[in-house]
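Structure first, commentary second.
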Amino acid sequence: MASPEVSEQLEVRYGLPREVKFCTRCVISNQRPNSTVEYQHTGDSKKETIRFDAEGVCDACRYAELKRTKIDWASRERQLVELCDRYRRHDGSYDCLLPGSGGKDSFYAAHVLKHKYGMHPLTVTWAPHMYTDWGWRNHQAWIHAGFDNYLCMPNGRVHRLLTRLAVENLFHPFQPFIFGQKALAPKMALLFDLPLVFYGENEAEYGNPLKDTNSALRGESYYSAENIADLHLGGTSVREVETSYGLDRNDLQPYLPANPNRLAERGVQVHYLGYYLRWHPQSCYYYAVEHGGFQASPERTTGTYSKYNSIDDKIDDFHYWTTYVKFGIGRATYDASQEIRSGDINREEGVALVRRFDGEWPERFAQQVFDYLSIGDKEFPVASRQFAQPVMDRQSFLKLADSFRSPHLWKREGGEWRLRHVVWDESSEAQ
Amino acid sequence: MSDVPQRVAIVDYGTGNLYNVHRACQHVGLQAAITVSPEEVLAADGVLLPGVGSMPHAMAFLDETGLSDALRSVAERGTPLMGICLGMQMLMEQGSEFTRHQGLGILAGEIVRFPSRDGNGTELKVPHIGWNSVRRPSGKTEDPWRDTPLEATPDGEYMYFVHSYRVVPADPRISIGVTRYGGAEFCSAVARGNVFGCQFHPERSGPHGLRLYREFARRVEAWRQVAPR
Amino acid sequence: MITRIIPRLDVKGPNLVKGVHLEGLRVLGKPEAFARQYYEQGADELLFMDVVASLYGRNSLLELVERTADEIFIPLAVGGGLRSLDDIRGVLRAGADKVTLNTAAVRRPEFISEAARRFGSSTIVVSVEAIRRSDGSYEAYTDNGREKTGLDAVAWAVRAAELGAGELVVTSIDREGTGKGYDLDLTERIARAVPVPVIACGGAGTAEHVAQVLGTGAAAASLASLLHYNQARRYLAEPNQFSPEINVAHLQRPGFAKVQDIDLIQLKAYLTDRGFVSRPLVAHV
């Protein structure tokens, strides 16, 4: 255990809290970064993190408590019905846009909008970096359960380059996906003239400030911006990306936000269905299996115990391994925290699951991911020159990882990296 | 009238789940104790010989500990003795599992493994596992279940079996219960005086199995009243 | 044909749970209450599985087994986290007649032989939980469906029987909880390949499914969803018998669309009509 004097000397990266604490109800730590506007995300960015109250309970658990005890769901549902009544079309047109992957949550959202609330959703999917077999099958099962779908797959080379940039600068392989996930739907809404857009759950439920959960609407800054050149992709300004990496403005289209003026003109609104309907991921799983043949993954996702949460992208394993490196929070922690809040498991089981699975090295798709991240000179004649090591391999990846470890979280012990503070060992908690 | 407390001995020869036999005894009000002591067996008002497993190991243990002799004395003396599953098989003279091994020789007959194919040539799954009907054999002039623990059981009642071997009594008179498996009947219960054996597990056979224990308990109590001390 | 119908009760802590593909486990009630009902409705045997045993490294069902064995006099098989001969002995002492082994057997197959020698083959059941691969073969899994083994499930089943397992429970993880029917291919392949009885498990949604799987050579059928949802509906559990933080919202209307609403008595009557004979219904005094 570090003594107080030593811990004060440890560097703290990313503006994270120096003291590491774990929620007394779930298993999330106070190092968990809140959602940010990725267009402003650079290597120097300081993170806003999840808030713990005086009793040591995190905002997400408090919100779960509200969901259970205070929120008037009947009233919220009435608001949804009113909203749907206002937008519902009777002339055969679509009347709302539903971005989704065909996972359990989007399945539930599409099905319930169509069959319970009488809407005519057009679904739209922003493709994962690399489809898993079962992810693709579930997407197909979704369509075959009765929905029209537009699948947007970005230029593979551009996507790979941006992913590599995000990894190099931010150690954040998931970022290109996040851009598209947020940007696509509003733009499709303009394209199809469907001003009503429904997402599923509000990320705020997972620990963003409680006030974010008071609104049905996603903040516009997430998906619209005035001045493109100042945005950052992969921690690099668009200007730089276009100058030094051999990409032009057209290559970047899928990642750029919609023009806010056009959105305002058309009255595009992005709503969270989770504001109107009480969201329970496990119930969505049952719903999706019952009504559409959703299938859990045949193998446990690396770094966690779950087989049905977010299983369609091979790069997901790496995404959660990078959060483990940067914040000490792996996939099992996220999954267990959510399930504790929903009452699916208790904290004792959550702790045991974190201990068993968190931070597991994502071997199963590793080579595919390294190949994906490699920027060879034939495919990328300009960009490859920007990288000291254009080909990514295990060794260079691990070396890169080390440069993102914050000393206040990690120590070196017996030739291995160990977290200073773990949820299953209370004596390791912060001094 | 004897006012010495009732005592039933459950013989523990190292394999088999005795605890459920013990529970069944408790359930019907029998004071039972699991034992490996020949003295306790000899002093008991009733003796249960339960078990699953392998005969040679079981017999070796009984011989080494002197329990074999104690059991034979018990049988001779008239104390109610009930053999269950492997226990029933051990009452016989001869086993054929692994080696031609001797049983206790209390009843005449041998133990034979189920064949691997039935009468029609279809593969027969061994062990015989499951619920099956126990009936009186045909051709008996008197009720063979009278004065045995099966007395209160309806004919054809289903009991729980799990065994790979069956007994073939030398004297058909001691075969009092038959069951059909693999297209043929085998002997599922034997009785001669105070000695009773059942191939099935009455402690796993639901309410009817418990009834069998209850009948055994009545016999134990009756014996306790009249037994020479 | 003689058969056995074996309700399978997955237990987590004090609660009976049920999932789909062994995932998303939800609380349905108290295992003792369900066990008692099934006993009285004519269950041939009962199977209790501790589904968090491998996570905690121990089987926690001893108390439940003891309480059950004090009242329920039919064969009881217990599994989950049994790693040593001592573990097995403990569970047998508590009242189990049979134990099921999976993870421990995969890690060290000789354990099957050791256990069979010590306790008798008929006491040792090996549980094979399988997922179908894209090439049509099946892979065996451990840890409640979480860990791949790389083993071909059929070959592993054959080996387990050779090593001394008295029975096999074969579960299709793909079908489990879906109500779409057993994986007949998986069951048949294994039943044909081993000389010991095979208990089919995973996927029963209708009485017809059960008849189907028994027709493929399975000696017995185990089922969970088909019985538990019906039972949960008939005997709606009082919410306050569960810890307050546990989600029980689904118990207001327990059920799952593809699962037929029948009880064990009706199921067995159907099977008897189809020629599958098992323990008859008797009065429980």
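Per-chain numbering from 1; labels A, B and C assigned in written order.
Note that contacts are C-beta pairs under 8 Å (C-beta built on N, C-alpha and C of every residue); 3 or more make two chains touch, one makes a residue touch a chain.
Here the structure is a predicted model, which means the values were calculated and not measured.
Note on connectivity: the fewest steps through touching chains from chain B to chain C is 1. Put simply, the chain closest to the centre of the protein, by Cα centroids, is C.
One finds 30 Å separating the Cα centroids of chain B and chain C. The mean-CA centres of chain A and chain C are about 37 angstrom from one another, to the nearest whole unit. Work out the mean CA point of chain A and of chain B, and you get 66 Å between them. Among all residues of chain C, none touch two or more other chains. Remark: chain B residues 15-17, 19-20, 23-24, 27, 52-54, 116, 123, 125-127, 129-132, 158, 160, 162-164, 181, 201, 203-210 touch chain C in the complex.
The part of chain C that touches chain A in the complex is made up of residues 13, 20-21, 23-26, 52, 55-56, 131, 134, 145-148, 173-174, 177-178, 243, 245-250, 256-258.
Those residues of chain C that touch chain B in the shared complex are 2-4, 39, 44, 69-70, 73-75, 92-97, 118-123, 166-167, 195-197, 219-220, 278-280, 282-285. Against chain C, in their complex, chain A makes its touches with residues 133, 280, 282-283, 285-286, 289-291, 295-296, 298-300, 305-308, 340, 342-344, 346, 349, 352-353, 356.
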